[in-house]
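Alright, structures below, take your time with them.
There are two complexes below, and they share chain A, which is joined by chain B in the first and by chain C in the second.
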Partner chain A sequence: MPVFELLIAGILLGGLYALMACGLNLVFGVMRIINFAHGDLLAVGALTTVSIVTGLHLPFYVAIVVVPLLTAALGLAMQVLVLRRLADGPMIMSLLATFALSTILVNLSILIWGGGYRGLPGVLGGSVHLLGLDVALSRLVSFLVAMAVTLLVWWFLQSTRFGRAIRSVSQAPELAVINGISIDAVRNVTFALGAAMAGLAGVLLAPTFASDPQLGARFGIKAFAVIIVGGMGSYPGAMAAALLLGVLEVFGGYWFGQVIGSAMLFLVMLVVLLVRPRGLLGMGVRA
Partner chain B sequence: MNGFKTILAGAALLAAPALTLAPAGAAEPIKVGIALSQSGNLADSAEHYKKAVELWRDQVNARGGLLNRPVELVLYDDRSDPATAARLYERLITNDNVDLLVSPWGSASTATATAVAEKHKRVMINSGGASEKIHQRNFKHIFQSAAPISAYVEGIGPVAEKFGLKTMDIISRDYPAARDMEVALNKIAKDRNIKIEKAEYFPAGTSDYSSYLAQAKQSNPDIWISVGYPNEAIEMVRQFRANNYLPKLFVHNGASIDDFVKAAGKDAEYAVGMSLYEPVLKTKGNAEFVKAYKDKYGAEPGYYSGFGYAGVTVLEEAVRKTGSLDQDKLRETLSTMETDTVLGHHKVDPKTGLQVGVKGLLVQIRDGKRAIIYPEELKTADAVIPMPAWANR
Partner chain C sequence: MKSLVIIVVSAALAAVIPFVGSEYALSFTVQLFVFVALAYSWNLIGGYAGYTHFGQVAFFGVGAYTGALMMDAGFHWLLAAGAAGLSGALLALPLGGAMLRVKGPFFAIGMFGMARVCESFALGFDGITQGGTGLYLTPVTDLKPLYFVLWAIAFGMVVLTWKLDNSRLGIQLLAIREDETAADALGIRTTRLKIGTFVASAIAPAAVGSLYATYLSFIDPATAFAPMTELTTIAMVLLGGMGTTFGPLVGAVVMSVVNELLWSRFPEIYLALVGAVILAVVLFMPRGIVSFAMRRAWWWVPAARSSLRRLASRPAPSRSPKEAH
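This part shows the complex of A and B:
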């Protein structure tokens, strides 16, 4: 059994999952919003990337810059027009609202890009020879970016002034207000940032996978599994969970076939929900 | 009130030329009933099927109609739902009194629609259901013009033999068509002495093939064959490339869809797709069909359109041969009739109505286009097998 090869494949797959989960985690951690439209923002990101690179013939790095800005703007619009108005309602309200936004995004994407599949031929397509293995270049890049983004967000929340403001809004909103922090501003920035991360994940998924307006349905569920296992709102937890799930999926698939491999993800999620509902390193859900 | 009368008079004036254009002595049109998906998950593909049928209606009417009567389509939307399809065919038969029936698009709706037609002892052309199970129910009135599932893969045997390929892995999306295809492949493998080392099914939504790639790198199957959706074909070749792996022959039905070449670009080269219809096919009437289709819709017909057109071609031929719309006589004609359509030679098994004439094609992506590599008599290029390694391209 090629243990080392499977391990690398699993870790790289986990990197993709971490990337997808990052923005979802931020939005939940700060705003307590479970964003069902996250995967669809990711799809918009991937499809826009394809349009920029194959339609407008611009270099890939243009997409890396432009697409997160675009999805951030989209996210900000969602927040300002819809979610802000529901901020004080019960959690189910924002949950249903993001579900509706998800459906709208999917159908808008079908109107814009059509129902077919697109891809990015020629971008990060090959492999690099590392440690005696052929490692997929696109996955290596995604993995490194996922690591960097996770660390960056973590550092931002822990060590910057604005990061501390964000944390205080999520942990003690009343005290934050007394200290002159604008809750609205913090929430707007957070949601836009989360959406930008979805866009970035979309940019980096586009070279590996086929992109279509319903991409979100295929990947969104995995991002949820990652943050449930890792602990909602915890960045180190999500990173650890993403890598764990990636490795489990690949080994499970190798030993028992992909049906079991894919099921592993959800089995672990179930066990975590039953045994340790707050996740590996999470802060848990407060009512 | 006056205005209303003017409108009525205007309408009568507009209608008058239409009436005089109808063939002499044939006021009553022949009604052809079809329910097909205009909404739901099959709507995209059924649209092409519908376009081909509508093109045929215009052409047949321009030729003076059928039995000297104009042809009229009665179309309903089955919403991609087999139960709705059954209800709509009930309505077409008992309420709309249509003269002829054509099947819906897709095996699921065709399975229920054919059951309704059989119950009413009405002839139906199955031009949209590939599943062979449709014809394993002792029905007497259903005749398949579509290619059955086994036709999709029939080229694998001869091609494997020609290029000395001995082992095969089936790695497929888990859905009924793939299971049917495994049955067909097992038979081919037995006849041609090919070893199927593995038949693995992955759940819908799978996008990562790392574990299969690791296995294949060790076992090195000659053939990696898969049935599923185009995105899976795209992701497989991209991941082959990213892992510097390639089987000698990669076959996927998704490789014969236009999206595959567009989305996978150069990585798509040399991949082989199962196909049943190509615009370049030199079958009877195909060049004319492709031209008329392009003129009317501005795009080449795909295989969905080919299926639709073949179905109504068979229907028209059967009615002309029979000279009437009598269902019993039509049934007799159809059970032995052979003809040529854009799909190829049409012939059914008289007992079951199963299509046995149409041959499946294999196409290989060459310079961004699909070249036919099987069957020999239709090929437009010689197959390149084994596929050249990534480093040598």
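This part shows the complex of A and C:
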């Protein structure tokens, strides 16, 4: 069994999960809802990347810059037009609204891009020799960019004034208000940031995986499993769990086939819920 | 009393459709019954117990596959539906034990994930389920028996909910919904009740899933586990009124008609439009039609928990002097 190769493949996959899951977790922290449309923002990001590279014949790095801005705008629109109005109501309403938004996004994507799979042949092709292994360049670049951005956002949360405001809103909203933090502004910025992270994850997975409008359901749900395992609201927890689950998925896929490999994330999630409901590093899930 | 009249009249109306209606009316009503059964089941766990979730379609799909595989093996469709209902309960029991430990968004989306896992199993074990190709079944020649079984399940769920609404059990579930810790402190066995309700809410969807597979004489993972089924069901409950006796019925009828109109006018963007309709319901009518009508006390709307209200308004029995001290 090529343990080392599988391990590397798992970690490279986990990097993408980390970017995706941290965005979702960030939004959960300040809004107390899971954004169902997170995965669909990712799908829109991936499909737009395909259009930019194969349709407009622009280089890939243009997509890395433009697409996150686009999905951030989309996310901000969702927040301002819909979710902000529901923020103080029951949780189910916001959740259902994001579910409906997800359906709208998927079906509009099918109208725009069609239902089929689209790849990005030739972008970041080839492989590099690393630690005695041949690693696909596209996977390596995805991993490095994803981890760099995930860590950058973490630094932003830990060390900047606005980052502290975001953390204070997610930990104690009432106290944040007393200290003069505008919850609305924090929520808007966080939602846009989370959406941008989803879009960037979409850009990064476009060269490796075939993209289609249903991509969101497949990937977005994994991000959810990651944050349950890592612990809701815990940024380092989500990063660690993303790498762990990436490795588990690759090993599971090797042993039991692709389908069971993906399902394994959820079996792990169930076990975590049974044994340690607040996750590896979580602040508690009985929100 | 009003409740009984509404149930009897609507059940009688639905019962004459196969004799007077067209083929189209029949197929529309079959779909409506499926959604009524789904909506009432979801209303039990989501509306009454307050554990809203997005994974009911898992039971629908598992039931559809259980039933389809049994019919494939030569069993009668009615027996297959019974076995499917049982399979739903058997799946819900361990799943409820694990998932009901979490509340709110985690339970809601965790269940959605479970539905996706079931779907990927249906795709992955293609030796049994034929994977994405789907299972083709021998079509039933006479739809009437199927129609009346669905009719019985749909109105059975209505009657069950009506009974629940007027029972101690229903109030205990509402207590869990409003404040689980307080309910626990009052001596309500919350865990047992929650899991019981969850299992009860899984049986009808699984049975109906099997009957729907019989009706289509075909099942594939995309049909069995469609997220749209889930979204439509929840939207129906929401539009009608969560945790009310007649909300799911009203919601299912209104939503089915709206969907049918959208489907015939705008087939390309139909699903996106349904999403927009649901968004509109969430934004502008979150309490639902029946709750709205109840608060306005419209004459045709029965009050919630009417028999318990009557019980409560009776004068207290006079106490003996001994008890007064």
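FYI, the second predicted complex is superposed on the first by the 280 of 287 C-alpha atoms of A that agree within 3 Å, B and C clash if a C-alpha of one lies under 4 Å from a C-alpha of the other, contacts with A are read in each partner's own complex, and residues count from 1 in each chain.
FYI, a residue touches a chain if its C-beta (ideal position, glycine included) is under 8 Å from a C-beta of that chain, and two chains touch if they have at least 3 such contacts.
Everything quoted here is computed from the prediction, not taken from an experiment.
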Return first, second, both or neither, reflecting whether A:Ser262 touches chain B, chain C, both chains, or no partner chain.
both
Contacts of A:Gly55 with chain B and chain C, given as first, second, both or neither
neither
Classify the contacts of A:Pro173 with the two partner chains as first (chain B alone), second (chain C alone), both, or neither.
neither
For A:Ala210 in the superposed arrangement: first (chain B), second (chain C), both or neither?
first
Please indicate which partner A:Pro2 is in contact with in the superposed arrangement: first for chain B, second for chain C, both, or neither.
first
By the touch definition at the top of the document, which applies to A:Val82: first (chain B), second (chain C), both, or neither?
second
Touch check for A:Leu96: first (chain B), second (chain C), both, or neither?
second
Which superposed partner A:Asn107 touches (first chain B, second chain C, both, neither)
second
Scan A:Gly126 for contacts with chain B and chain C and give back first, second, both or neither.
first
Overlap of the chain B and chain C footprints on chain A, residue-wise?
217-218, 221, 257-259, 262
For the complex, which residues does chain A have touching chain B?
2, 5-6, 9-10, 13, 115-119, 121-122, 125-127, 134, 136-139, 207-212, 217-219, 221, 249-254, 257-259, 261-262
For the complex, give me every residue of chain C touching chain A.
46, 52, 54, 98-99, 101-106, 108-110, 112-114, 116-117, 120-121, 123-125, 227-228, 231, 234-235, 238, 268-269, 271-272, 274-276, 278-279, 282-283, 286
List of chain B residues in touch with chain A within their complex:
44, 174, 200-203, 205-208, 210-215, 217-218, 230-232, 234-235, 238-239, 241-245, 259-260, 262-268, 390
So in the complex, which bits of chain A are touching chain C?
28, 32-34, 36, 82, 85-86, 89-93, 95-97, 99-104, 106-108, 111, 217-218, 221, 224-225, 228, 232, 257-260, 262-263, 266-267, 269-270, 273-274, 277, 285-287
